[in-house]
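Naming follows writing order (A, B, C, D, E and F), and every chain is counted from residue 1.
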Amino acid sequence: MSASDVGVVVTDPPRADEASVKELARFGVATVHEAQRRTGLLAPRLRPIYSGARIAGTAVTVSVPPGDNWMIHVAVEQCRAGDVLVVAPTTRSEAGYFGELLATSLVARGVLGLVIDAGCRDVAELTDLGFPVWSRCVSAFGTVKESLGSVNTPITCAGQLVRPGDAIVADDDGVVVVPLADVPDVASAAAAREDKEARTRTRYRSGELGLDVAGMRERLRDKGLRYIEATEDKR
Amino acid sequence: MSASDVGVVVTDPPRADEASVKELARFGVATVHEAQRRTGLLAPRLRPIYSGARIAGTAVTVSVPPGDNWMIHVAVEQCRAGDVLVVAPTTRSEAGYFGELLATSLVARGVLGLVIDAGCRDVAELTDLGFPVWSRCVSAFGTVKESLGSVNTPITCAGQLVRPGDAIVADDDGVVVVPLADVPDVASAAAAREDKEARTRTRYRSGELGLDVAGMRERLRDKGLRYIEATEDKR
Amino acid sequence: MSASDVGVVVTDPPRADEASVKELARFGVATVHEAQRRTGLLAPRLRPIYSGARIAGTAVTVSVPPGDNWMIHVAVEQCRAGDVLVVAPTTRSEAGYFGELLATSLVARGVLGLVIDAGCRDVAELTDLGFPVWSRCVSAFGTVKESLGSVNTPITCAGQLVRPGDAIVADDDGVVVVPLADVPDVASAAAAREDKEARTRTRYRSGELGLDVAGMRERLRDKGLRYIEATEDKR
Amino acid sequence: MSASDVGVVVTDPPRADEASVKELARFGVATVHEAQRRTGLLAPRLRPIYSGARIAGTAVTVSVPPGDNWMIHVAVEQCRAGDVLVVAPTTRSEAGYFGELLATSLVARGVLGLVIDAGCRDVAELTDLGFPVWSRCVSAFGTVKESLGSVNTPITCAGQLVRPGDAIVADDDGVVVVPLADVPDVASAAAAREDKEARTRTRYRSGELGLDVAGMRERLRDKGLRYIEATEDKR
Amino acid sequence: MSASDVGVVVTDPPRADEASVKELARFGVATVHEAQRRTGLLAPRLRPIYSGARIAGTAVTVSVPPGDNWMIHVAVEQCRAGDVLVVAPTTRSEAGYFGELLATSLVARGVLGLVIDAGCRDVAELTDLGFPVWSRCVSAFGTVKESLGSVNTPITCAGQLVRPGDAIVADDDGVVVVPLADVPDVASAAAAREDKEARTRTRYRSGELGLDVAGMRERLRDKGLRYIEATEDKR
Amino acid sequence: MSASDVGVVVTDPPRADEASVKELARFGVATVHEAQRRTGLLAPRLRPIYSGARIAGTAVTVSVPPGDNWMIHVAVEQCRAGDVLVVAPTTRSEAGYFGELLATSLVARGVLGLVIDAGCRDVAELTDLGFPVWSRCVSAFGTVKESLGSVNTPITCAGQLVRPGDAIVADDDGVVVVPLADVPDVASAAAAREDKEARTRTRYRSGELGLDVAGMRERLRDKGLRYIEATEDKR
């Protein structure tokens, strides 16, 4: 967020193509991250509040001051079905910016989940509600409504640049962002990767080794790998 | 713990009013914390060892040396039904101070749970037993029984002052302490807050926005909030 | 790992006695750790990706460069039924070294689980597969296959020295290593400890106090423990 | 860094206006950060390797794989006098990416310093050389030269978006980025702020209070601030 | 800070005896901490912004909301010569609450230094001014002036209870609090300890061992210490 | 430390060759670490208490219980001129195990410095004394003398295996261990590396690029590196 973005709400930004985003939902975070050349993964400090959720949607971005959740209320109005709210404080905060009331409001609009590099509360209620949240921590500490931030401007969340309309995929492995323009290509690459992994899985299940399936032995030998028989004093 | 408190056990301290403490049990940590003006929340590093527990009881406080759990055995005798044990080491420790045997002893006395700013072990057994623990970490590292601490003196646990007899509320969102004398007022304030939230929840569910329910639009405009239509190059 | 170990695979190292290792599986990590005089516990930052697993097996050790999982593929071939893979990067890394494909390969060989002082991914799939992993974090960040490490040389994992063939016990409380030669003695000591704890548990359940069961009162008094009745101004 | 940026070097990007950047050098990080409405501050985990340096220059950005410093060598060629190198790994890394040899090369080109969200080594030599570095940690751990990253594409460094050519100001208080287009305005705002602070400083030195200088008393009273005389039992 | 303390300033609280506090200034933090039976040490995350300062004074306590330094301005008025300002946020914050302007104001009143479990900025200027600060981090991130806290009520700072008027000793080893009433006794105990250490130092300098000076050999043998000659295969 | 090592002191272990160790002292930690193929570096959390020291000596190893420094007194007797004391607690501890009195005793025996994965205190006095310490933190928190550990058995310190008699090199960049048997080879390799770096430094100083000096351009092109001219909308 640059100085000129403070206090700005960008309305109706372009979103990644809905059909392609839905395709991404078939794949996990790990596959999508690999499919876009190991880019876009948010820091692993973001963890889901409950296991088993997997979502893919389009980002509505929110930049919030530390300990102040006012802009999340502003952002709700900018959300539509299929969106994922992505929230980043301008400096480290472990306050509980988000709870069951805001989730109720987002569910009413068809929002799929929340990604926040700060705290979240009411986790028992959010779990009952089936509204998934990926957060830095669980924290009941309350926030104020005093200062402006921004909605739908580019933000940095957990170490990654997220722009409004980018695709967000999140599951038990974490959260990955796919730039709006790359979504169709990444979806194709993920599908190709998944096909290849299915074949490898079958071979591994039958006892074949990665050394052979992927033909690694020669390159390992060239790098100098040596096999030595164990002896008692080698331990 | 001040120097003169080392080696002291205070017996039978006054406890917060039982009826009011029971009322607190109806509300979550987040609500109680808000009801007492955002005070009393222990640091979010304390996490429950399993999900779904919610307790409210009166604190028996224990100050322990690093890596030494002797005083917890001393504290057991000071506990009665409805109490919550609150344990803080005098310096950071990740040892496993508490396990299934001590829990068995506390269950026999009607103690509701444990809050400890250090490690806990036997988490599988504690889960089976249904004895909830909020701890800094899970750690099997053993402790010794060599040095004295104190029981039922004021302690600092995870950043908050806890005095014996204060009310402790703990759930999936964390742990909050309510000073003994404030318990009835906080219970009333929490009930009022819950009523208000129920009304808000209904309105949110039907699609109303916080911006309108809480009348935020004017104040946001006064602070300078601007709405800008998205353009391609704004991304 | 010393300089001369880089690029080395030690084949068929001696393993701890199978019968004794199986006995260890009856006890939890906490009991085994106590039974060997509070040694061998890996740092509590290693956490299971799902609750409820308990394993005991023999270590196949892997030293890996940061962000490079090539040697894990090399290690798979060195594993046999009853082994546990133990992986440590040479410097701190939060990359996701391990996922469902490698697990499929290990399951096919009868490997019991993985201990890794780095990241792991595909946690939903690993949970479905019933392959337990104790890791530093969950991270989808991908790794490369560029540099050599070592297999079955002594490594330091989460602060403990692990040699190939040592026994590894892991459960919800963490991970403990038992040196190969100590396994039978530790198994006996753990059994003796468990028997004693069973008797203590029965007494605690009936309301007896640790102070009396373990005869602590006299030593506490000698150390200077004082009991003081609470007064209003003592709070 | 998005997928399409891996392996890209953007040559000769526009830089922030040199005269304005030089003006920024007169002010500290704290003042510049305030002057752009509290935006742009990199996370405080970045610390200078020695005290007393203050620089302001234009960013050459580098995205590097974990544990791989190859792209820094590529970036050197893109640097010119007055630049500051800004390096971010794609996932958390504590390797020592940068040392005295690379610094020698940068000094030869007139580069002012380095900002890196990873490790740096040779700190004694860098101090002697007078080449300032702000890093996440000091670490001698070596890096490899195996994988591509990018140079002069937008990156996220310590939680902030940095684009090539943006102004970077760094001193003992940390590091702040000023977007290229905002530099002249921020320089003016910083100058105005500094003037105002000079007047305040004079008044504070003579014993006047902020309460009076900034006229806070009335607003504090409106918020409900109460003054209570101390009594013995109030402690 | 309990709910009823929010918005309260306690004026003119009793302070620890000036002569005794001055005596404490002769001793380091380590000695004072030992002299009061290893109690009162603030968490080691508080570090001095420059080396070589040692102060002892009386606490003026400030509880501040996260990211809001308004109450520090309120607190300045409550300070007098010989005081030390002790500031704790109600939840974790890494904002830069304090800088050179506030220090100028405190210096004008004879305040000796600042202890803050949050961020501090302008460290170059504070060093030039000779105003020592012990802080959680250095951070230029700005704060707001929107919400009330309290001044001169009991607070928890870096894990220790600090009451207004308690003695604070701080040096390169950290910060220790001595409860008001204990100051004379702790000063005497520290003096006695220092005398004993001086005698020990002389003996150590001449080559005597702690094993003999403190007569540890017998107790070590009783605990079971064994000496074993090194053999090649013992390594 | 395995169970059978608790309570053991190994006397007079073999030490790395004195002449070779002295040679290592010429090189920094970074060079030695590279010279032994990037192995042996202790975790970067170990930092020197003051800048500018560089030592190389032979390890006397100490395994200590958490918060108990008794074994350090036992270890002093096992030290001789040219040794470096290396101390690791069996579980994480931030207590202040070591201060000026123990340093006085070690200086009297010609010990070069201390490496400890825990806290150290009296840093002002240690600095005056010129006795360098690399520690996890500075902490005045006192320790007890109650439980046994071991001296001169293999230990894990900050993630690396250290055996008695191994060479330890420490400077502003951290700490590296060189296995006893590898010392002469590592010293030669370090000398060769330093010579090569000297030649590179000269070329860098004159403006040559690493891209050319190390002939990287072709391999970068083969990996797919592309140069793109900046355009306004590329930012």
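Note that in this section contacts are C-beta pairs under 8 Å (C-beta built on N, C-alpha and C of every residue); 3 or more make two chains touch, one makes a residue touch a chain.
Note that the structure is predicted; figures quoted are calculated from it, not measured.
The minimal number of chain-to-chain contact steps leading from chain B to chain E is 1. In summary, the chains found to touch both chain B and chain C are A, F.
Over half of the residue numbers found at the chain C and chain D interface occur in both copies, marking it as a same-residue contact. Distance between chain A and chain B, defined via averaged C-alpha coordinates, is recorded as 30 Å. Annotation for chain A: residues touching 2 or more other chains are 38, 41, 65, 90-92, 94, 139, 141, 147, 154. Looking at which chains touch one another, you get A-B, A-C, A-D, A-E, B-C, B-E, B-F, C-D, C-F, D-E, D-F, E-F. Remark: chain D residues 7-14, 50, 70, 73-74, 76-77, 94, 96, 99-102, 104-105, 108-109, 119, 121-125, 127, 137-142, 145, 147-148, 152, 154, 163-165, 180 touch chain F in the complex. Against chain A, in their complex, chain D makes its touches with residues 1-6, 36-41, 43, 65, 90-92, 154, 156, 159-161, 179, 182, 185-186. Against chain F, in their complex, chain E makes its touches with residues 28-30, 33-34, 38, 41, 44, 47, 51-52, 54, 171-174, 176, 197, 200-201, 204-207, 209-211, 214, 216, 220, 223-230, 232, 234-235.
Partner chain E is touched in their complex by these residues of chain A: 65-68, 90-95, 139, 141, 144, 146-147, 233.
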